[in-house]
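Which chain is which? They are A, B and C, in the order written, and residues in each are numbered from 1.
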């Protein structure tokens, strides 16, 4: 318990160190870099053209499908991690139940494939 | 005073000091490595393209990275007027900090990493996945069409290629029976995992290129398409934090991870009880350095010589080729590990099955990408003409 | 106060502030990011409960996958253009439901006997976790795959409908 907690205290410290690193760099730039804002500089960059209209923040639905697919396989991976390291201990049942699990999701992937959800049109 | 304060909190002050000093060492080594890698990549790509690369700053241009750093530090830091202030400011942190946090779990030498986590491999995979939020934040906050397009593209690419990465890592942890990086390295004293598991090794290399948005997987940041992707509005120091620091620190971290997990790290081929007694760490360091340099140069070579993929090819390659073969590898590994007890037959079986899968995957990729024959193309063109 | 307690209160503060942020900020994307921050704070609690695996699962699933889904979902519906909404006509109903939930949770919290010391907890290795999962909890595990399959098919069907409409 104590070792685990101390290990992750170091993780917390690493997160802090990373933030401090970025802050230091940005403060350094604030001190060194020139600062002379004007209206042209503050417009969004569009290869020299003046931007027309606001950004339409509506993306295509296929991105969402990929995100759902990712979530599903991510959850599967979560089950795979304990399975991978305890396979020999847990015995044949674990092996075949995971094969069934992978087959069921493989069927889902095949369905998505056949329905054309994996095509980028 | 500080000592008394920490003493009250019940954790020995040495724990804090130890973690702090180790992290500082990582920061210094990381900064130097990133600067060296930028120089090496520019020189390397230069030679491939029959140029000299940087030559003016210092002998053979060795001070180029320093000059770059000074230039970027003194460059004006711009933010579009319509940008979302907080998200724009915070995106570099969310992108960089997870990459830095993954370095914590890597054992660079025997008994030397910042921390030896019991689930080190899982930790690295999980934490590095958080980076994707930074990409979306930056793209959304910039209020720029290219930035948003680049952000959703890079998010789609990062999440897609994370699964093959996880599968590759899982295949190795099955062979080692552990998620602890030290255990995995120690178990490779005679045969490195790259030999036992050639397919996961290849998948890891490919997925690393994609996760770092390097060519041929640089669609999200391709200059000629989305002018720099999510980072188009970032300039000066923020740009260098994201581009230089995050990208090259990530490259370094992944190369070290690959050399530890697949190439045997400091264990292969000499073992841990070396010939120099107290100075064993020197050759261990040299081994890890050599192996990770090899991986970095391989990735740079791929980046310099391959053309950019199209986005449909990129997604199809991930979901239709890497993913099914990754799962196949996991299932076959499971069967082999379950039924073969003797170590020799087990190793031979692992090598044979993974090698066969690698050949199969290469053949399937060839079938999927090959051009129709010249005659068929000519016939199609003639047919198209006659319709007109 | 021990370090563990200090860390606990810091994490609790972070999670609660982020959770309050979710329901109070007018911008939906900010709210989504606050939600993710709050969920990542929960990962810290799992570490304090010495469950390393669960903490990493939380980071992997919520920090990576769910975050992407929420943000993509917002952008799918045009996140920036959504007007900031105040309480609508259903607010008495919402108050009732959330009030009931608070009462339920408080009853559950007060009726549970919590272990006083962290010392009572045992560290469960991932190997033990795996063998228990695949010996005793096999059926729920297989059912999980069916749930995931349903989610997958649902996503594919909905997206192909949208494709046809557009």
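Throughout what follows, a contact is a pair of C-beta atoms (placed from the backbone, for glycine too) under 8 Å apart; a residue touches a chain by one contact, two chains touch by 3 or more.
Computed from a predicted structure; not experimentally measured.
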- [ ] Have a look at which chains touch which and call the overall pattern line, ring, star, complete or other.
- [x] complete
Task: Which of B-C and A-C has more C-beta pairs touching across its chains - done: A-C
Task: Distance-to-centre winner among chains (Cα means, whole assembly as reference) - done: A
Open item on the list: Averaging over Cα atoms per chain, report the distance between chain A and chain B in Å.
Closed with: 14
Task: Separation of mean Cα positions, chain C and chain B [Å, integer] - done: 28
Open item on the list: As a quick test, compute the distance in whole Å between the mean CA positions of chain A and chain C.
Closed with: 16
Open item on the list: Give me the residue numbers in chain C that touch at least two other chains, ranges are fine.
Closed with: 3-4, 52-53, 57, 60, 64-65, 68, 72, 75, 79-80, 126
Open item on the list: Could you pull out the residues of chain B that touch at least 2 other chains?
Closed with: 11, 117-119, 122, 140, 148, 152, 155, 159, 162, 179
TODO: Scan chain A for residues touching two or more other chains and write them down.
DONE: 4, 9, 54-55, 57, 59, 63, 67, 69-70, 74, 77, 81, 84-85, 87, 98, 109, 121
Task: chain A to chain C touching residues, read off their complex - done: 1, 4-5, 8-9, 12, 54-59, 61-65, 67-72, 74-79, 81-87, 89-91, 93-94, 97-98, 100-101, 104-105, 107-109, 111-112, 115-117, 121
Task: Touch list for chain C against partner chain B, complex - done: 1-4, 6, 27, 29-30, 33, 36, 40, 52-53, 56-57, 59-60, 63-65, 67-68, 71-72, 75, 79-80, 125-126
- [ ] Over in the complex, which chain A residues touch chain B? Could you list them?
- [x] 4, 6-7, 9-11, 13-15, 17-19, 21-22, 25-26, 28-30, 32-37, 39, 41-47, 51, 54-55, 57, 59, 63, 66-67, 69-70, 73-74, 77, 80-81, 84-85, 87-88, 92, 95, 98-99, 102, 106, 109, 113, 118-121
Open item on the list: Can you tell me which positions in chain C touch chain A when the two form their complex?
Closed with: 3-4, 7, 44, 47-48, 50, 52-53, 55, 57, 60-61, 64-66, 68-69, 72-73, 75-81, 118-119, 121, 123, 126-131, 133-135, 138, 141-142, 144-146, 148-149, 151-153, 155-157, 159-160, 162-163
TODO: Would you pull the chain B residues touching chain C in the complex into a rising list?
DONE: 8-11, 84, 86-87, 117-119, 122-123, 125-127, 129-130, 132-133, 136-137, 140, 148, 152, 155, 159, 162, 179
